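Across the two complexes that follow, chain A remains constant while its partner is chain B and subsequently chain C.
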Partner chain A sequence: MIYSFWMYDRHCECIYSRDWHRSAAHEDKEDLQKLIYGSVFSLRNITRKLSDDDAFLSFQTSKYKLHFFESPSNLKLVLITDPMMSDACNALRQIYAGLYVEYVVKNPLSPIEHPRGTGVDNDLFNMGLDSFVRSLQGFA
Partner chain B sequence: MSKVRSVGEEVWKHKTDKINSELLTLTYGSIVAQLVADFDHDYAKVNKQLDKMGYNIGLRLIEELLAKTGLPRCQNFRDTAEAVAKVGFKMFMNITPTISNWSVDSKQFSLVFTENPLAEFVELPDKPNARDLWYSNIYAGVIRGALEMVQLQVEAEFVSDAVQDPSLPTEIRVRLVKVLEDEIPPGED
Partner chain C sequence: MGVKSIYILNKAGGLIFQRDFGDSLSKLDSNDYLVIAGTLHSVHAITTRISPVAGSSGLTVMETPSFSLHIFQSQTGIKFMILTDRQQYGIDSIASRIHHLYSDYVMKNPFYTLEMPIRCEKFDRYLGAYISTVA
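This part shows the complex of A and B:
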């Protein structure tokens, strides 16, 4: 089961988020968004300290699993799923290379810096992401 | 670092959409000519504008490079130079500038171009100050923009250009200013 997807830019700004199977627990979205960033940020820093230039891939609790991918340009992608889900880092990499770069970065009308937190607002990206995530094994 | 070179070759061969190089040359030429007209032959302003355009392009090009190559983060500035010359320039321009003139502290290097697709057929106008124009200055901006996205603040500028004086090489000097720290989220109020 895939719950949600989050994307953060190099300025720690959440530039995209999307829910599929909403769990009752997240009411305050803004708060959740900051907490996710905080935990991902610290975990990734610990991992880098412990072994050179490494990044963590996922962590899980009894209720959910958080998958993480970061590009060398510090774009961070997070997918939250149920704990049974197998590693989705590859899927996140595909979202970065196949969807974000193709539809957002290569689209001159789509900003890549989001100074006032407008975020990514692009139909092709929305639709591509939705159909890609729905096609992943273990979506429903 | 022949691995980096083969990554560049591979991406160029199989993963890049190609356009006619003369189309690019002529399009770029008309942009520069238009800027020269707009700024009324104030070449310092033209250089600056080309650099700015390049910077905005670089911010985006780097993502395409990272997505298509899957290259990991560079360990040092020498790796970065290799990646710029052998992957970046290769995959977008199909040229591989030579890396030379490393400074002792490994923070500065030069890219020397034996060929430059942007400057084919170019003759500078017959004006005394036309030598102030760095015709291909967009490269400098692209390098600066692209490296900033991977946390390297650099300065890039032309030192000499064969368009100005055919006896000189086309050379861009790249200086590492600093490695940018990761930004940290603002604290809770």
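This part shows the complex of A and C:
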């Protein structure tokens, strides 16, 4: 089961988010996106301190699993799934290379930075992401 | 191979025990270990709040390309953090064994003050002996 997808730019700004299976409705989405960023950022820093790894791959609790991928330009991609899901770092890498770079970075009309509020707003990216995530094993 | 490092945190997130086994992890100074412990303590609390499903526990496992971090919380709120190889299996039994050693040689030590750093020679000795047997 895939719950949601989040993308943060290098200024810690959430530039894209999307829900699929939503159960516990969070009252405040802005709070949620900050909490997710906070935990991902802290765990990444701990990983870097303890080892030569660039970042962690995933973490899990009893009810969900969070997969993480960071691009060389510090774009952070986060996928939240149920704990049974196998590592989805490659899927995130594909989303970055196949969808974000293709449809957002290479789009001359898309802004390079996403100041507060706008974020990635691109139909091709939206549709591509939706069909890619739905095609992943363990989506439903 | 096996267990790389063990951290024990008290209820407030203070580091009361830390020991590395082998030298596959970077050496840090003692202040860094306190920071890591404190950070993990808060991340553990935050991760219960970002759950898409109600009633989630805190962070239990984190995987990186070179190690995994497992967190076990005892009934009394003490956290055991175990850093192992990614291939290590049977972490649950390792954790419960460490909890046993903690109960036997730390909690039953009349000179140990609750929530304070663990300086119990016997605990050190038995822990070292046990970890060296973990394949």
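Note that the second predicted complex is superposed on the first by the 138 of 140 C-alpha atoms of A that agree within 3 Å, B and C clash if a C-alpha of one lies under 4 Å from a C-alpha of the other, contacts with A are read in each partner's own complex, and residues count from 1 in each chain.
In this text, a residue touches a chain if its C-beta (ideal position, glycine included) is under 8 Å from a C-beta of that chain, and two chains touch if they have at least 3 such contacts.
Since the model is a prediction, treat every value here as computed from it, not as a measurement.
After superposition on chain A, the partners chain B and chain C are accommodated together without colliding.
When the two complexes are overlaid on their common chain A, residue A:Asn74 makes contact with chain B while staying clear of chain C.
When both complexes are overlaid on chain A, the residue A:Gly38 reaches chain B and chain C alike.
Of the two partner chains, chain C is the only one that A:Tyr3 touches; chain B does not reach it. Put chain B and chain C next to each other and count what each touches on chain A; the higher total goes to C.
When the shared chain is aligned, no partner comes close enough to touch A:Pro115: not chain B, not chain C. Note on the composite model: angle chain B-chain A-chain C, taken at the C-alpha centres, equals 110°, rounded to the nearest 10. Looking at the shared chain after the overlay, A:Leu50 reaches chain C, while chain B stays out of its contact range. Our summary of the superposed model lists a minimum C-alpha distance of 14 Å between chain B and chain C.
Shared contact residues of chain A, touching chain B in one structure and chain C in the other: 38, 53. Taken together, the chain A residues at the contact with chain C in this complex read 3-4, 21-24, 32, 35-36, 38-39, 42-43, 45-47, 49-53, 55-64, 66, 80, 87. Across the complex, chain A meets chain B through its residues 10-12, 34, 37-38, 41, 53, 71-75, 93, 96-98, 100-101, 105-106, 112-113. Remark: chain B residues 59-60, 62-64, 66-68, 70-73, 75, 149-151, 182-186 touch chain A in the complex.
Those residues of chain C that touch chain A in the complex are listed here as 24-26, 28, 32, 36, 39-40, 42-43, 46-67, 83.
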